[in-house]
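Two complexes come next, and they have one chain in common, subunit A, joined by subunit B in the first and subunit C in the second.
Showing the complex of A and B:
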C-alpha cells in the first residue's frame, strides 16, 4: 500500500509507539503501565507483577498480544515450492491445517530468522516471525506463481497459554478444538483461526483473526477466563517461560544475519541446535550448498542449555572451560517452576558437544552496593529443561 | 504372624522429612523401607478429597520454608511439584476496618499511611531488621547444629562458623540478635509501630503453631521462623503447592520409589526393636517385622522415644528431658468446601486483590486475651485465625467457580477444660461442634454470609491432629520453637545431631534442628548425619550454597 503525500493528505507518520487492535482493551488493565516497543507497537512489559504473571502461565491461563509479529501471506499454486525454497525444512511433510517451526538462511547458511509457518490451505501459508523479511520473501518467490503479501496489520492475534488454556477457550465457545494436537491449525469460525502452538512450552493456543474481530474476541475470552484465572501478561513473564521451554529469541540467542554489520556473527541451524530440522536430501533450498559444507566440517559453535549452580541468573556471563574462554550466556533465568538456574549459552566448538566437563560461568551479583563474583559450576543439559505432560495431551486436561 | 525382611534402613513415618531422609539414603545406595501408619503418604503435608470435587490441604496448608536446594537436588518438579507464590494479605478487624498487606511496596506504604505515616516509615526499618536476622539464620538451616561441648574437629568447625557469623554482625548487632531471639513479638512490635491493627496483623506469624502468647518471650523468633523461608529467592514470600500440600510428599515419594525405595502404607510402627543398645528394626501394628541397622523416625521425639522404644533402653536423664520437651497443642483447623466466594462488605472489590492470608484480629491485647483462655484449657472465644482460599489461584482445588477455604485457628487446647477437669478425652462430637461454632461466629463478623456458602466442612481439634497425623498433642511444629529447644538444644541437649542414646536410631522429623514448617531440612540434615556415621558421607550431595546470600 502506498500513501503519496499530496496537499490533501499531508500528515507525518506516527512518532512513537502505535496500538495493536487489542491495545484499547489491554491498556486499562495495566496496573504497572510498563510498555516497550515491539516492532513499533506498544507492548506490555508487565501488567502488574512479573512473578504472578509468570505463575499464571504455569498454573492458570494467560493472554498475550502477539499482533506485532511480522506476518506474511504466501498464496498461489507454487506456494509449497516457494516455502521449500525458503526454509531448511522439508515443507512437503507439513500438511494443510498444520503449523511448522522453521528457519531460513542466507546464501552462507547463516540463519536470517526463525518463525512459524501456518499452512492455512494447500496453496496458502502465513509465515509468522520476528524480523521484517518481505523483500527477502519476494526475492525467493520471484518467478514462481505466488503472491507474497505483508499482512503485518491485516491480521492480529492473541496467545492463550497455561494449563487452563483449553478450559478458557472451551468456555468461550471454541469447544471444537478439543481434538487438536500440538501444531494443529483450524479455522473455527469465519475469519478466526486457532492453532495449538505457543512460546511457553505449556498447554496453549494461538488465535489469529482480523482486526475488526478483535474486540468481540477479547470480551469472549475475558468473560470465559474469569473462572480460570485468566490474566493478561507482559513480555518479562513470557521470557522466563520461553527460556524454560528452550525457545530461541532472535537478537538474543542468535543474531539474524540480515541485521548484523559485523562479520562472522551469523550462526547455522546446526550451531543453534536445530540440525534435526535441516533436510539436505530433498533438493535445493536457500543456503543448502553452504550448509552441506558446514555439515561436513562440523559446527563452529554450539548453542547449549546449561544448568548453573546457585540461584543467581547468569545473564551475559562468560563461560569458561577450566582456564580458557568457552563462550557466553545468551539468555538466562532462574526457573521458578523447575527450581533450576538455567541458561542458553553460545559456546565455541567443541565445547558443549563433545567436551562438556569442567565448564563454569562467571556471574556477578550485586548485593546492596557490593559486587560478589561467583564462579558457578555448570552442566550441559541434553533435551529440554522442562517436560510437562499436560502440554502434549489430547484431549487436553481441564487444568 | 508376619513377614521379616532385611533392609539397610527403615524410616518410620512417610511425612515430608521421613521421605526426604529416605530419598537421600536410597540414593546413597542403602536399601530403604518407609513404613506409614495411614493408608496414604504425607504425614501433615497431604491433599485429601474429603468432599467430592474439592481438595483439602487438611493439615499444613502453605509453603515457604521448603528448602529450594532440596527440591532442586531431588528434582521434585519432575515428579509434579509446583509451588505457586501468592501475594496480598489482609487483616480484618471485626469492627469493619481492614489492613491490607500488598505485594507492591508503594501500595503497602500508602496503605500503612492510611493509619500512620510514622508506621509506614517504621515498616522499612522493621523489615530490614527481620531481613538481617533471616540472612543470619538461613545458612544454618541446611547445616547440623554443632555440639558446643564437643572437641571433634567437625563440631569445632561448625561452632567457628557460628561464631564467625556472629562476629561479622558486630557488637551492637550481636546484642540486638540475642535480644531478638529471646524477646516477645508484642514487645518488638510495640517498639516499632503505634497502630493496633498493624501490630495485630503482623503479630500472627509470631504465635502460629505455638503455645505462647504475643507477649511471651521467644515469639519474635517464631515470627522469624515464618519469615526466613522464600519462594524463588524472595525471602518471606509464601505460596501454595499446586494441588495441595500433598503434592510435596507425592513428589518425594515418587522420587524415592524411582530411586528403588519401597513404601508400605497402612500399618504403623508398634515397636522399635533394640538389642544391646542398638536399633535392630521395627515391629508393625499388623505383626510384620523388618530388620535394619538404621531406624530413622519421622515421628516427634516424644512419641518415638516414649511410646515406641522400651524405657529400659534409655538413660533416665534423657528420658526425663524428652518428657519435658515442650510440644503443646494450641491450634485447630477447619477446612471448608465453598459454593461461592463469601462476601466481605468491608473489603474493596470483595478482596479480589488479596489472594493470601486473611486474619481476623484487632489488637495485641485481644490476641493476648485469646491466649489467656487457652492457658486455662479453653478455646479462645475470639480466636486468631489465618484463613486462605487457595482456589483463588490454584484451579485444581475446587470445581470451577467454587472455592476451597482453609481456616487455621488459634488457640485451641489439647487437654480441654470441661467443668474444671482438663483432658483430651473432653473432645467429643459435642465439644467439637461447639468449637466449630465459635470459629464460624468469628468468621461471620467479617464475612456475614459465610455459613450460606458452606457445602462441607472438616473440623480438626488438636486431638484429631494427634490421632490422624501422630503429632503429639497436635503441635504442628513437632515441638515448640523457643530458644531452649532450638539449635544444639533441639530436641534435647546432647542429642541435637539427629542421634539418640540408642545406636542406629535417629530422629529425622521437625523435632530436630532446624524445626517445623514444611522445610525438609531436618530430613536432609539427618540423612547426611546417618551417611556420615556409616562412612558414606561423600554420597550425600552438598546442598548448602557456597555463597553468602
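Showing the complex of A and C:
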C-alpha cells in the first residue's frame, strides 16, 4: 500500500548541526556567524576576529564551548582496572579528584586517540576525547565489572582560559577553587565540576555540568566576566594557542589508528614525543607487548616542534634534511606572542632526535595567483614553545 | 617443584602435546578436571556395555603422531561405509569402490571413484599444511622462520603444478566450493552423494550447500578413512597417556584448573580447583580458546584478541546417542555381515541439507543424519549375547536449541533417532534396553568444549590456518609468554588427529619456551 505524500503525512526530519546547550546564548554574540561542525554540533570558528580572540587568551579571559567533546563515563568496581587496561600510563597514580592526560593504543601500539581522564570518584571516570570511541571502550571493558556510557550529550562544558580566568570564576562565585593545582578536579556545586585544565597552555579551567545548568552558569560567567574582558572565542584562535602550547590535535598531528586502513600510518606514543607517559612496568595494558618491541627498536618517526625561519605559513610543508626528504609539517601557526613561525612536524627517524642539523622546510606561498617556493631553515625546539609560570601558580594570581 | 610444562585437559590433543614434550625430555604435568583422561575420545559404559562415549571413530588420525610417539599398540581397523537407502538399494563404500550390498558394482561406481580419487589427491596435497604451525602474517619475526614458512608454501605450490593442468584447475575450481554441487555434478542425489555430504559437514554448523564444505571433506579424507580403534576409542587416549607417563609425565585426573597464573607477563603455573598450586615454565591449554583466555585473565590480553576470540563461531550441532540393544537389529536389505560397517543414514545430499535447515532456527532435525557404529559387531568376541552397544552420531542438534536442552528435549531427540532407525531397521525400538543422549549442551557440560562443538570452533575457511583460532595467534603462542594453546581450537582443527597437540608442543620447543 502506498501512502500519499500529503502535507499532513510528511514528517519533517531535522537535519543540519545540533545546538549545544550554550548555543542559544552564544549565537547572538557572534558577529562573524562563522560556524563549523564539531562532531555534529554547531561550533564557532570565530566570533568576531581571530587575532582579538587569540590575544584575549593570552591577556584577558576567554570562554570556549567544549560541549561537543566526546565523553564517556566508566563506572563500577573495576573502573581503575579498565582505565589501566585502556591507557598507556599508570592510572593508579591518578587519585580521585584529579585529571590525567592520557593516550590509548591498539594491539600494534599505535595511538587510537588521546584525551583527558577525569577521576570523579574512586570508581568513576569520565573520559574526554576527540574521536567517538564507545565501541572500543566496550571491548576494553568486556569481562570487567563496569558500565560504559556515552555521555556526549549528558554533560556540557565551558573552557575558561586566560590570565584572568581565575578572577572571572572567583567573581562568579567559585572562589573555593583558589587552592586547586593544575589537573585538580572538584565538585564545587551540586552537578557542577571544575578542573584546572585546558588546551591553551595558559591559566585556565574547564567547567563541566548538566545541560539544564547551562543557562544560569553562562549568565553568571558573563556577568562576572565583564570586568575582566571575558569574550567567547572560536576554534581558530584556540588552535594557535594550542600549537604554542604544543598540544596535539588528533587527525592532524597524528592519524587515529582506527581511522586509517593503510599500513604504517599510525604512530606510537614514543613517536609522538609521549614516551614519558608509557609505563611498561606495571602490568599489561592494550598494546603493551607491541610497545615493548617499539621501545627496543626505537621510534620510526619523531613528532617535533620546529621554529621556521621567516613568516610564510608552513602548514603541510615538506621538510628536508639536506637533500633527503625527512617529513611533513602537521600543524603550523605564526605565534603572535613569541613572534615566531612555529610548527609541529612528523619527521622520519632519526631526524628530529639524534640528527637535527640541516633541516629546512619547503613552503609554497601563493601571492596574487602566483605560487612561490620558499626554502626556510628550521630549528628543532626542545621543550615547549612557551612556558608561562602563571599557568601553574597556586593560588593563581589575580590579574 | 617447577614443571617444564603444564598441560590443561587430557583429551587426545592435550595428551599428544604432553607425550611429545615428555619424549623431548620436558617435565610435564597434565591436569584433567574429569575423573578419567580421554576428553571426547573416551570409552564409557552403558548398562554394563562398554562403548565409545562421544567420538566413536577416527577419520584422519595422523600417522606421524602414532609413529613419533611409538604407539605401536594402537590398532586401527578401517571400516567400510554403508549408506542406507529407503528403497533398500544400500551402497557399500570401501575406499574408492562403490558396490551394492551383494558386492556387485554400483551403477555410479566409476563416477564415485573419480570423485574420491580427486579428493584424496588434493587432500594429500594440503596435508603438509596441517603438520606444521600455520604461517603467520605479521611483519618481523626471525628471518629463518619466515623463510621456512615461505618454503613450505612454495612446496605446495610446486606440487600443485606437478599435478598437471587438469588437476590443478580442478583443485582450484572446487577448493572453496560446496560439496552439494560438487557431488551432484556427476552423481545422483542418492546415498553416495548423501554419505559424502554427511562426511563433509560432520560436527559443523553447515550444510552440504555451505561454501567450503568440499575443503572440510578433503580435511576429513586426509587420513586413512573411517576406522575403529580396536578395544574402543578409549584405547587411543590410554595409549597416549601411557606414552606420556612412560617418559615421566604426570597425569592428574580430577584436577580442574581454576586459574592460570601469570606473573610479569609470563605463564608461571596453575591454580587447581582444590586450591593447590602447580608451578611451571610454560602452560599449554587444550580447552577452548576463549575459555583459556578467561583462565589466564582477560586483563592479560589486548582487547582486539579478546574480541576476536569472543566472535569465534562455536555452535555445536552434533549429539551423541548411545543405545544398548537386547538383540542384534536387522536393517532391511542389509546382510548381517555388514553390521560391522559404519552405517550412515544420509540418503541424499538434499536430505542432509534439509536436516541442517531446522538448526538455523534453533530446532533439531526431524529427519536427521545418523552415523551408526556397533562396536560389538566390529569386534565380535567382545559382546554379550543379549547386550549390544550401538553408538549413534546425530546431526543436527543445535547447541542453542529453542527452549533449551531440557529433559523433554533430550527425550524428543531420542524419539526422533529411534523413529528414524525404525524406518530402516523395523522393530529396533523394541530392542532398546538402555539409552543415553548427549546433546551439545551435555557435551559442553561434561568436557568443557565451547558450544559442545567437536572442533572447539567451526572449521571453516575464515577460521582455519593463520586465522585459527584468530588472526595474530597462528603459532600456538597465546599472547602471554610461555602460554600456548594446543587444542582443537587451533590449527589444523578438530577431529581426532592429534595434530594441534603435536604441533603446539613442537612450536613450544622451537621457541625454547621451557628452556
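Worth pointing out:
Definition applied: the second predicted complex is superposed on the first by the 385 of 399 C-alpha atoms of A that agree within 3 Å, B and C clash if a C-alpha of one lies under 4 Å from a C-alpha of the other, contacts with A are read in each partner's own complex, and residues count from 1 in each chain.
Keep in mind that, in the parts below, contacts are C-beta pairs under 8 Å (C-beta built on N, C-alpha and C of every residue); 3 or more make two chains touch, one makes a residue touch a chain.
Predicted model, so just to flag it, every value in this text is computed and none were measured.
Under the clash rule set out above, the superposition-derived model of subunit A with subunit B and subunit C shows the two partners fitting side by side. When the two structures are aligned on the shared chain, A:257 is found in touch with neither subunit B nor subunit C. Of the two partner chains placed by the overlay, neither subunit B nor subunit C lies in contact with A:43. In the superposition on chain A, A:85 contacts subunit C only, with no contact to subunit B. Once the two complexes are laid over each other on the shared chain, residue contacts for A:387 go to subunit B alone; subunit C is not touched. Contact with subunit B, but none with subunit C, is seen for A:310 once the two complexes are overlaid on the shared chain. When the two structures are aligned on the shared chain, A:144 is found in touch with subunit C, with no touch to subunit B. Taking subunit A as the reference, the larger set of touched residues comes from B, when subunit B and subunit C are compared.
Look at A:289: by the touch rule set out above, it reaches subunit C but stays clear of subunit B.
One geometric descriptor of the composite model is the angle centred on subunit A: between the Cα centres of subunit B and subunit C it reads 160 degrees, in steps of 10. Closest CA pair between subunit B and subunit C after superposition: 45 Å apart. Touched by subunit B in one complex and by subunit C in the other is not one residue of subunit A.
On the side of subunit A, the complex with subunit B involves touching residues 49, 51-52, 55, 58-60, 163-164, 167, 227-229, 309-312, 334, 336-340, 365, 372, 374, 387, 398-399. The residues of subunit A lying in touch with subunit C in their complex are 81, 85, 106-107, 136, 139-140, 142-144, 283-284, 286-289, 293.
Subunit B makes touch with subunit A in their complex at residues 68, 71-72, 76-78, 82, 84-85, 87, 103-104, 231-234, 242, 393-396, 400-401, 545-548. Contact residues of subunit C toward subunit A in the complex are 140, 265, 294, 298-307, 310, 472, 479.
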